[in-house]
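See below for the structure under consideration.
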Amino acid sequence: MIGVIQFPGSCDERDALSAVERVGEGRLVWHEETDLTGLDGIIVPGGFSYGDYLRAGAIARFSPAMEAVKRFAAGGGPVLGICNGFQVLCEAALLPGALLPNEGLRFICRQVELVAEDFTGPFGSAIGAGDRLSIPVKHMSGRYFAPDEDLDRMEAEGRIAFRYAPGDNPNGSVGDIAGVVNEAGNVLGLMPHPEHAVDPLTGSDHGLALFRALASASQAAAA
Amino acid sequence: MSAGVSESPHRELGLTDSEYERITELLGRDPNGVELAMFSLLWSEHCAYKHSRKLLGRLPTQGERVVMGPGENAGAVDIGNGHAIAFKVESHNHPSAVEPFQGAATGVGGILRDVFAIGARPIAVLDSLRFGEPTSERSRYLFEGAVAGIGHYGNSIGVPTVGGEVYFEPPYEHNCLVNAMCVGLARTDAMIRSAATGPGNLLVIMGASTGRDGIGGASILASAELEAGDDSKRPSVQIGDPFEESKLLECCLELLQRGLLVSLQDLGAAGLTSSAGEMASKGGVGIDIDVRRVPLREEDMEPFEVMVSESQERMLAVIEPSRLDEVVATCERWQTGSAAIGEITDTGHLRVLDDGVQVGDVPVSALVDECPLYDLEPAEPGGWMYPNVETLGEQVALSAGRSADPADPSDILCALLGAPNIASKRWAFEQYDSVVGSRTARRPESADAAVLMIPESDRAIAVAIDGNGRRVACDPYVGAMEAALECAQNLACVGAEPLGLTNCLNFGNPEKPNVAWQLDRAVLGLADACLGLRVPVVGGNVSLYNETEHGPIYPTPVVGMVGELPDAAAVPGLAPNNGDRLMLVGPFAPSLAGSELAKQRGELDKGLAQVSVNVVNAALGLVRDLVRAGSVSAAHDVSDGGLACALAEMAIAAGTGIDVDLDALVELRGGSGETNLFGEGPGGIVLAAAEGAAKELLERAESAGVEAVEIGGVTGDRISIAAAERDVSVAVADAERAWRSLAERI
Amino acid sequence: MKAKVLIRPKEGILDPQGKAVERALPALGFEGVHDVRVGRLVELETDDPSKLDDLCEKLLANPLIEDFEVELVEK
Amino acid sequence: MKAKVLIRPKEGILDPQGKAVERALPALGFEGVHDVRVGRLVELETDDPSKLDDLCEKLLANPLIEDFEVELVEK
C-alpha cells in the first residue's frame, strides 16, 4: 500500500494516487497523520503546499506527516517526491540541495525529455541507465542547486537520478539535474511529473516506470 | 468615503437623482448611509444589468441537456451517467487595467467560486485577453502581468488552464479585456442552488476574513468610465490568495458531499450585500446579518464597509442550526475560517445589525428586483468608428526579412503568421499548468479545441472560447454570430457536439447610441447563431463602459462553448501525415472585409459578408461525423489570416510541406487569388485524410450536400499554394520562424 | 554607494504570505509571534542616490500595493 | 517587540531577479546602478526575540541558499 501525502494546497495528489493505482494500491495520507504503519511506500506529491508562500516547501516540511515520513525514510522505506514534493524533501533535508526560482522567472509547463542516470537504490535498479523519458514539467521554482563539493560527491556516489536531455533544461538547474536520490537511494526527488505521464492520451506513459519502481521497491521494503 | 457626509452622496456613489427618488419611494423614507451604500452597489450596472437585462431576454436558454441556466452562479449541462458540466465566463477588465497581475488573478479566483458555488469541482480554465498592440510598452506590461496572474492563480489551485485566446488591437490600448472561463464537473444530484430557504436557518460566512477591499468598488467599476489619472474612481487593488481559495474549495465540496448545506453562494461584486440579497430574493425570504459577527481583517470597520467589502476567497452558505458544529469542524479541518453571521427570516427584509442594534433595513425586493431598467437608444454609426493604421510594411519587414515586398503573397503570408493576433501564443500558455487533473487529452496548440476526458460519464468534452472584436466592429450582428460559429467549428474539428454556450458581453458606454447599436445588434446575432446551432445559452456576464476619453473598445462578445464527444482517443490533431490529401469542407466564402490583412493595410471598414448559420451547421455536422469515424488525420478551421494561414499552421504542426492549388476554388467561388489566400469568414474547415479515405470523404460530402473541394496534398518541405497567379512558396522553417516570433516582441 | 530598499505590502492590503506564515508558526513551536508581513529586499550599488525614489516607484516597487523605504549604506 | 528580518541570496548564487532589474534599468533611464540583489523582507512582532535566530534558520531562510540578518526595532 502506497501513501500519498495531502497538504493544504497540494494539487497533484489525486493524480499521483490514480497513477499508483495503475500499478498497485494506494491511499491519501492527511498532513496531520503521524502513523504510517501499513504503508510500504510514500509519495510527497506536487502542488503548492501552503501556497508555496515564503519558499516552496518551507512550511509543509514541518507538518506532522513529514516527521513520520522522515522516520519512514530512515527505516529504508521508499519515498518519491515530485515537484513540490521534491522541494519539501530538500527543505526537510531528506535530499541534498535546494530548488530556486526558474532562471526565466516564469512558471513553465512543458513536455521535456529526461535521461536516466546510473543511480543507486531501489529506484535506480528498476530504471535503466540511459533510458529517455518524455514527462511534463510545471513549476515556478525548479532550478536545482547544490554546492559544488556536494555535487561532486553526489556524482561520485551515483546519486544523480535524472538529467534534462541536452537543450531541454527548462529552469537553469545546475548540471541539467532534474532528480536526485539520498545516500541510501531510497528517497528520490524530481521536478518533472511522472503522474502526468501515465497515459499516451495525455502526452506519454513514460512516467509509469517510476510508479512501477516505487511499487517494487515497496514490496522489497515490506518483505 | 464615510456614508452620508456630502451634499448628495448618492451621486458620488453613481446613483442618478431619479434612482435615488425611487429608493426613497420604495423605503418610504430617506435611506441611511448603510442602506444607501447597499443600494448604490446593487443598483449599479455591474449587479443590476440596468442597460443589458432587456436584451439578454432574447438569448435562447432552453435545451433538453440544460441542468442550470442563467440566474444561477454558473450554468450547467447534462453529460450523462448522473454528471453535469458547469461553466461560465466572467470579465475582470477594470481591475486588470489597474493592476494586471492581481486583477487577472482575482478574476480567475472569482470565476472558480462561481463554479464551485453550484457544487461543481473546477476542472478547467480558459482565458480570453485583449490588449493594445505589443509595440506599446503599456500593452506588453498588461499582457505579461495578466498572463502571469492567471497562471499564478490557476496553477496554485491545481486547475488546468487548457485554452484561451489573445488579440492585440489599438482600441484596447486604454481598456484591456481580461475574461476568464471556468469549467466544472458535478454529480447532478449533488448540485446546489443559491436560494436561501427555511426561516430560522443560519447564514454562515466561510473563507478569508473581511477587509476594506474594493469598498464601493462594484458601482465605480461598472458605472463610471476609467478616466486617465482619475485615481478617485480607481478601485483599490485586491490581492488574490489561491491558497486560501484551494482550502475553501475543498471545504465547500466536502460540506456539500456530506449534505451539510441548504444553499451556497460566492461573495463577488458588492460582497455580502449582493450575495445575501440575491440568496434572499431567490428564496423569497428575509435575512438578518450582524456585521459584528463577521471575521474582520482590519480594525473598526464601519457596518457599511463590512456589507460592501469585496474581499476575495469568501463564500456564504445557509445551513440548518443543528449542523453548525459539523460545519465549523469541517472548516477547521481545512484551516478555513467560518462564522455564523445571521439567520434566515420570513420578513422579506435584509436587516443589518451591529452587535444586535439595527443599522439598516431594506426590503429585499427593493434592493434586488426594483432597480430601474433602461432602454437603449441605438443609432447605427455612419461609418468605421475606429482608427485605421497601415502596419503591413513593418510586419513584412519584421517577419519576412530584408528582401520583403508588401505585395508579394509569400511575404504577406509570413507577415500574417508573425502578426501578434495569429502568431503562436506559446509564450503565454506555457505559463499555465495545462495538465493537472489528468484529463487534458488535447493541450493548447495540439487541436482547435481543448479536449478533457470525463471517465465519470465515459466520454470526453471539448471546450473553446472565441470572439474577434474587430470583426464585430465591422458588423456587430454577423461578427457576434461568427464568434459562436468559430467555437462550433473548433468543437467540430475534434468531433464534439455543442451542449451549451456561455458569453461575456464586453462593450463601451451603452448610453452612447453607437455603442448601444453595437450591443443591440451583437446580442441579436448571438441569439440567432444559438438558434441556428441549437445551442442554449446557460450563463454569462456583461461588462459595459469599457471606454475612455480615447473612445470605446471594439464591441467584444466573448463566447465560450462546451461540447461532448464519445472518445478522446479518436481526436485528430492539427498535423496531417505526409502523403495525405487536403480538402476544404464547408460554405467558406473568403472576403478581405474585416480580415487581418485588411487591418494591416489600414483598410478596415463597415460591413461583413452575410452568413447562413444553417448551412455552416450542416457542414459542421458532417465534419463531426467524419472525425468521430476516424477517417481524417487532421482537422483545422479557417480563421484569422484565411486559408493560407490555416494551411501554414497545419504544415508547421506536421513539420512537412504542402502543395495546394486553389485555382479550381477561385473558379468556383470567384474573387481574386489574394482573397482566396487571405480572405476570412466562417464555414471553412480543412481536413486531411489518406488517399482512400479522402475519396470516401468527398463522396459523403456530396451525398450530404456539403461543399467539399480537394485542394492539394501534404509533401515536401515548402508551403506552396497556387492561387490565380498569386502564388505562395515559403519554406516551412521560415513560416515557423515567423509564427514563433511573438515571444521576441514582449 | 550601497543602498537597501525595503518593500512591504501597503497597510490594509492583504498579505497572503504573512498570513500563511503566521498561521503556521504555533505548530512549529513558535508562540507569541504575530503581525507577520512578508515583503521584498532589494540591495544595489548606485552612483546617484538622488534617483533611488524614482527608481523604486517606476521599477522596484508597485506603488499601488507596496510601500518602500530606502536606506543608504555609507562605505 | 518588532523585528525586521532581511533575507538575501547567498554570494555566488545566481539571482535572476536582480539580473532582470539590471536589464530593465537602461530603458528607464537609470544609469550607474549595478550589483542588484533581490531578497526577502519579513517583519513581525514577537514576545521573545531570543527565538528569532532559530526561527530564521528553521523557517524564514534556507541557510543553504540564503543569508539572513535580524534587526530589532525598539518601541
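Going by the order they are written in, the chains are A, B, C and D; count residues from 1 in each one.
Criterion: a residue touches a chain if its C-beta (ideal position, glycine included) is under 8 Å from a C-beta of that chain, and two chains touch if they have at least 3 such contacts.
As the structure is a prediction and not an experimental result, all values here were calculated from the model.
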* Comparison of A-C and A-B (more C-beta pairs in contact) -> A-B
* Between subunit A and subunit B, what is the gap in Å from one C-alpha centre to the other? -> 36
* **Distance from the mean Cα position of subunit D to that of subunit B, given in whole angstrom** => 40
* **Rounded Å distance between subunit A and subunit C, as computed from the means of their C-alpha atoms** => 33
* **Euclidean distance of C-alpha centroids - subunit A vs subunit D, Å** => 29
* To do: Send over the residues of subunit D in touch with two or more other chains.
  => 40, 59-60
* To do: Please set out, as single numbers or ranges, the residues of subunit B touching at least two other chains.
  => 241, 243-244, 335
* Provide the list of subunit A residues touching at least two other chains, using ranges where the numbers run on. => 50-51, 53-54, 59, 62
* To do: State which pairs of chains touch, listing all of them.
  => A-B, A-C, A-D, B-C, C-D
* Asked: Contact residues on subunit A for subunit D in the complex?
  -> 54-55, 58-59, 62, 91, 97-98, 100-105, 145-147, 172
* Structure fact -> The residues of subunit C that touch subunit A in their complex are 16-17, 20-21, 24, 27-28, 38
* Structure fact -> Given the complex, residues on subunit A that touch subunit B span 8-12, 14-15, 18, 47-48, 50-53, 106-110, 136, 138, 140, 193, 195-196, 198-199, 201-203
* To do: Spell out the residues on subunit C that touch subunit D in their complex, using ranges where they run on.
  => 4, 6-8, 18, 21-22, 24-25, 28, 30-48, 51, 54-55, 58-60
* To do: Flag every residue of subunit A that touches subunit C in the complex, lowest number first.
  => 50-51, 53-54, 59, 62-63
